[in-house]
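Have a look at the structure that comes next, please.
Letters A, B, C and D name the chains as they come in the text, with residue numbers starting at 1 for each one.
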Amino acid sequence: MGRSFASDNNTPVHPKIMQAIIEANKEDFVSYGDDPYTRRAEELLRHHFGAEAHPFLVFTGTAANVLGLSAVLSPYHAVIAPATSHINVDECGALENITGSKLLTVPTTDGKLTPSQAAPFLHALGVEHHAQPRVISITQPTELGTVYSQAEIKELAVFAHDNGLYLHMDGARLANAAAFLHTSLKDITADAGVDILSFGGTKNGMMFGESVILFSKKAASSFKYIRKQGMQLGSKMRYLAAQFIAYLNDHLWLKNAEHANTMARILAEKAALLPGAEIFQPVETNGVFLRLPHKAIKPLQEKSFFYVWDEEAGEVRWMTSYDTTEKDIDEFIAEARAVLQEIHEGH
Amino acid sequence: MGRSFASDNNTPVHPKIMQAIIEANKEDFVSYGDDPYTRRAEELLRHHFGAEAHPFLVFTGTAANVLGLSAVLSPYHAVIAPATSHINVDECGALENITGSKLLTVPTTDGKLTPSQAAPFLHALGVEHHAQPRVISITQPTELGTVYSQAEIKELAVFAHDNGLYLHMDGARLANAAAFLHTSLKDITADAGVDILSFGGTKNGMMFGESVILFSKKAASSFKYIRKQGMQLGSKMRYLAAQFIAYLNDHLWLKNAEHANTMARILAEKAALLPGAEIFQPVETNGVFLRLPHKAIKPLQEKSFFYVWDEEAGEVRWMTSYDTTEKDIDEFIAEARAVLQEIHEGH
Amino acid sequence: MGRSFASDNNTPVHPKIMQAIIEANKEDFVSYGDDPYTRRAEELLRHHFGAEAHPFLVFTGTAANVLGLSAVLSPYHAVIAPATSHINVDECGALENITGSKLLTVPTTDGKLTPSQAAPFLHALGVEHHAQPRVISITQPTELGTVYSQAEIKELAVFAHDNGLYLHMDGARLANAAAFLHTSLKDITADAGVDILSFGGTKNGMMFGESVILFSKKAASSFKYIRKQGMQLGSKMRYLAAQFIAYLNDHLWLKNAEHANTMARILAEKAALLPGAEIFQPVETNGVFLRLPHKAIKPLQEKSFFYVWDEEAGEVRWMTSYDTTEKDIDEFIAEARAVLQEIHEGH
Amino acid sequence: MGRSFASDNNTPVHPKIMQAIIEANKEDFVSYGDDPYTRRAEELLRHHFGAEAHPFLVFTGTAANVLGLSAVLSPYHAVIAPATSHINVDECGALENITGSKLLTVPTTDGKLTPSQAAPFLHALGVEHHAQPRVISITQPTELGTVYSQAEIKELAVFAHDNGLYLHMDGARLANAAAFLHTSLKDITADAGVDILSFGGTKNGMMFGESVILFSKKAASSFKYIRKQGMQLGSKMRYLAAQFIAYLNDHLWLKNAEHANTMARILAEKAALLPGAEIFQPVETNGVFLRLPHKAIKPLQEKSFFYVWDEEAGEVRWMTSYDTTEKDIDEFIAEARAVLQEIHEGH
């Protein structure tokens, strides 16, 4: 099977990360995280996110989001998020089931939330008939590949904090946002006022493994119970930790993300020239969102699978990865051109 | 305190219902519903809703909605409902917490849902990343006072059933809808394809007491556990049952609803003439929805409290009840006129 | 139907309480508790339980227990309680479902818990694999009719507080315990260190209505959301409140409880003389627990229903109420004697 | 760090399993399990557990237990299990929180449940006040290392099915039980009447990875949603699958388990001769349970960490693994002897 543009989680594990796993496989270690690999991974996460960061390793991105949010939610709380957010659309209702809390969603054009969009929900504060807004949750980069500037995040954080709310960030692809903005990971999280972060690795070269980073000692104090009860405490934790060590060393996270972003720009440039294709989101990270003629979608998926974003609108998503090559792009674009031209001529 | 237009739950208990409570207070009866009053109330509910109706008495409308829906929901399910629905807005997130399920909400202009608005959510069916739509929930009459015709309900039921979904109806004010449509209660529930019904009494003359009516034997078979675990099994059930007996006898439910509806029409006619007031929903049941100048709202609330429906838009709700009099209306309208004129002249 | 010894919730409403309900039925009042009846009931509850008491009215005893406990529980917490406790046995698993928390149960001989029985569970504290003990929950009087002394409650409270836990009391029949101990309600709750109390009325003459009393401002601050989301916010709250006003005025709570306790002592004296009957718990409040020959139970239940406490052991429960008469007792004892003698002679 | 007797999850990954992971790391594959590795692992699981087996891969043992049970539980249900069960003691209350269901626990001497111990709970069936028993859950081998015979499992399955209940088996170490009994995996699961199985690999040489095996098509039909909502759907599923392929090929599961069991027998023989040590459970699989003088426990843990099983009783657990050597045993026994003799002489 050739490289796919379906998702950045179709890739194999990056060789340096695989090497780290192999090297961690030498002897016995105490389980559940009381081992030197986990301690080192936590150190590196604090190095990148600041001394106030309390990191916890988990297996999946859904777990990172839902359990991270659990740290500050009671069941009568609500989370304000863009309608496109992964927690709303792609986690099978895990947030509602695991936390009991409500999602209050906002339609957006680009996946990005603004304080003024969140503001009307705050009328509910103090009124017992309504779930109580407690967290604003954003995705960086968004599910549409767009990126919040540091200033935009700060503005949301100030708005949240001024109203007694927390700011959560789903950073499943945070590296791609930092690569786009030329900032550190800390600039757009801790330093921008984020309280709870999901920092992912699986989509950028890891085998499995995400982290919850809590920037509040109080929230962190009971998180070990939330992780265990949330069925996410790995016994052989070192294999999660070893991946994060390799990922955070030598800027591997950044190199991988920069490569994926670059490939997306190239893909977008070529896709823009395809007959009948229209790119409808700025290409800031590693996703290209475009409208295709409805008739073209199925034939092209059969050649190389990708996800449809909006059935009615004919919107699709093409993703690049740390291992995408220009040759992959050229082959894929050639296939797409063939399909689109055939349809065009069919009219 | 004079009669209020804040809500139809500000009223005292209707004298006939109070009389029924007093008469039920004569001797010992077995608790938890194994008594002749409960059996009689259930018979009457089956008389009104059909032999396939399985009725269960509970204390609050929120409980009726949430527990009724529980009967067919697993946590990975979702409920499609208008954004204005009571289960979405006014139950403090009880549905999400008690059932674990997700709400998928649809913005509407009049509180009414159509099959074509629900249809896009069905792309999720069969895809594990998404909560699985399981129920369409409507309110009859809606939270905006509008009424679905029997044909509209049937169309939603057919759409739901064709796609393997159930149709739930929040009938907290069902009597008012039946009064408007000149139909029986059964015409717009069992005979229109409703699977799960909340049938309320508190807003139409009862002291407390709502009912869950399940039109499926299977869903009903385990509901007694859901009610008990849902903290809604009354020990002295007869006092719930006695109210329903009085309510369903001699068309009390209908007479009360007709009166409230008539009062709303009169209120609306007079409100329409107020300077600066604009009625923005058809007045089909016992609520009048109108826009007022922002400045007028607080002073008028201070004279006679009512709820603001939309802060930003200056939309408010005035409700009539089974005991509203024309005199109440005239006094209230006079107060409103005074406030509005003062504001008008202030400009 | 004659008066039953099945449960103290088979009784009608006490006339003074019914009168209070009727008197509350005169005019419109704002709903959801913002009315003078609710304010007066809350005042009286503070009068009886102390200025630090934060009272909230709900409909059922299960709700009072479960929602009261919710005020201090996160899902990774556990509640230590006697195995016989109502929250463990008779609430259809509501605690686990509504709070997500775990019950850690202790077998006892008399329904009463001691610190030394709770102590082994505290090894779990701080260890992420185990649900974290957070509350000790006791029932006063116990489900076996026995009563904790003030000193015993204090000892449990000190033990709980020393270990960072709360003390919860299920006081569905608290009046009967106070009557037995000749103490005030406050002596054995606030003054003994209880943090969360369910104070019931339905089993002692009310129509419906229980209260959650929180002795912590912090726990109380969010309880209004817990009550609403817990589907227990009554709209016409005054009818709950009016009952509590009548119940707490003029020592009605105490007179009713004293009467029920006295009747239980008389019943026990007479039951002790029945052939083959053996009373196995001290009769301190209004329940008589006795062992009967297995063969006698069904025939006697058919004459006058009561609950079997332990099928295997042939243990049954007979309850007296505020309205039990000596004539009721004599008739019931005569029936029991007839059944037991027939069985005895059958051997 | 030397090899530990703390737990069989302290080991590194078995070389053959690591090799399989490396070989799976060659190219892109569709995520979420639609890949040839996952299909092959599922085939092999059906080969070992029968054509009626519906396997699902997850990350942790807690997830396998809790989500597997979710497949047949509604919140008003209860699970009957030995008090020592992992779901009761070691999963931080995950079952209660994730499913809402209640655990009904039975004290045992050897971790094994019998039908007669479960029977008294069945009085609850049909009575709305009580959580409804729905599943009997056993662990094979038990948390005390003891093993149910096929006949014992069959007897429990017949008892469960006759009463409308399911039989669940926590098989985190199922391989060790099969090795002890000289049976196939199927003999003591599908063929003995087990309905839901957790089949683990992490404790027997895998990196991470457990499986839920459902022997009911109906339960399996919605499990994909339960797994995703349960935050256990791995995107790069092939790395879970590749491990199972290696584990199930060439009897690796059996060879590893036989070795661990043999080492435990040798450890037990030598431990039995230690001064003051008393083995209190039959050593049937890879755990040795023994009582030690209280004073000896801490000094010995400091030399080589292991878990205390019962603080009060001075009971500890020593586990062997697929990679334990006789040399490890001899070193550990020598350390233990030194500590115990010193204490003995101290008296």
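The criterion applied here is as follows: a residue touches a chain if its C-beta (ideal position, glycine included) is under 8 Å from a C-beta of that chain, and two chains touch if they have at least 3 such contacts.
Source: prediction; values computed, not measured.
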Which chain lies the greatest distance away from chain D when centres are computed from Cα atoms alone? B
Would you mind telling me which chain pair, A-D or B-D, is linked by more contacting C-beta pairs? A-D
Roughly how far is chain C from chain D, going centre to centre by Cα mean, in whole Å? 41
Expressed in whole Å, how far the mean CA point of chain B lies from that of chain D is 50
Roughly how many whole angstrom separate the Cα centroids of chain A and chain D? 34
At least two other chains touched by the same residue of chain B: list those residues. 75-76, 91-93, 97, 100, 128-129, 131, 225, 228-229, 233
Where on chain C does chain D make contact in their complex? 75-78, 89-93, 96-97, 100-103, 105, 120, 123, 128-131, 311-312
Note: in the complex, chain A contacts chain C through residues 32, 74-76, 100, 128-129, 131-132, 222, 224-229, 233
Once bound in the complex, which stretches of chain C touch chain B? 1-4, 6-7, 9-13, 18, 21-22, 24-31, 59-63, 66-67, 91-94, 97-98, 202-203, 207-208, 225, 228-236, 239, 305, 323
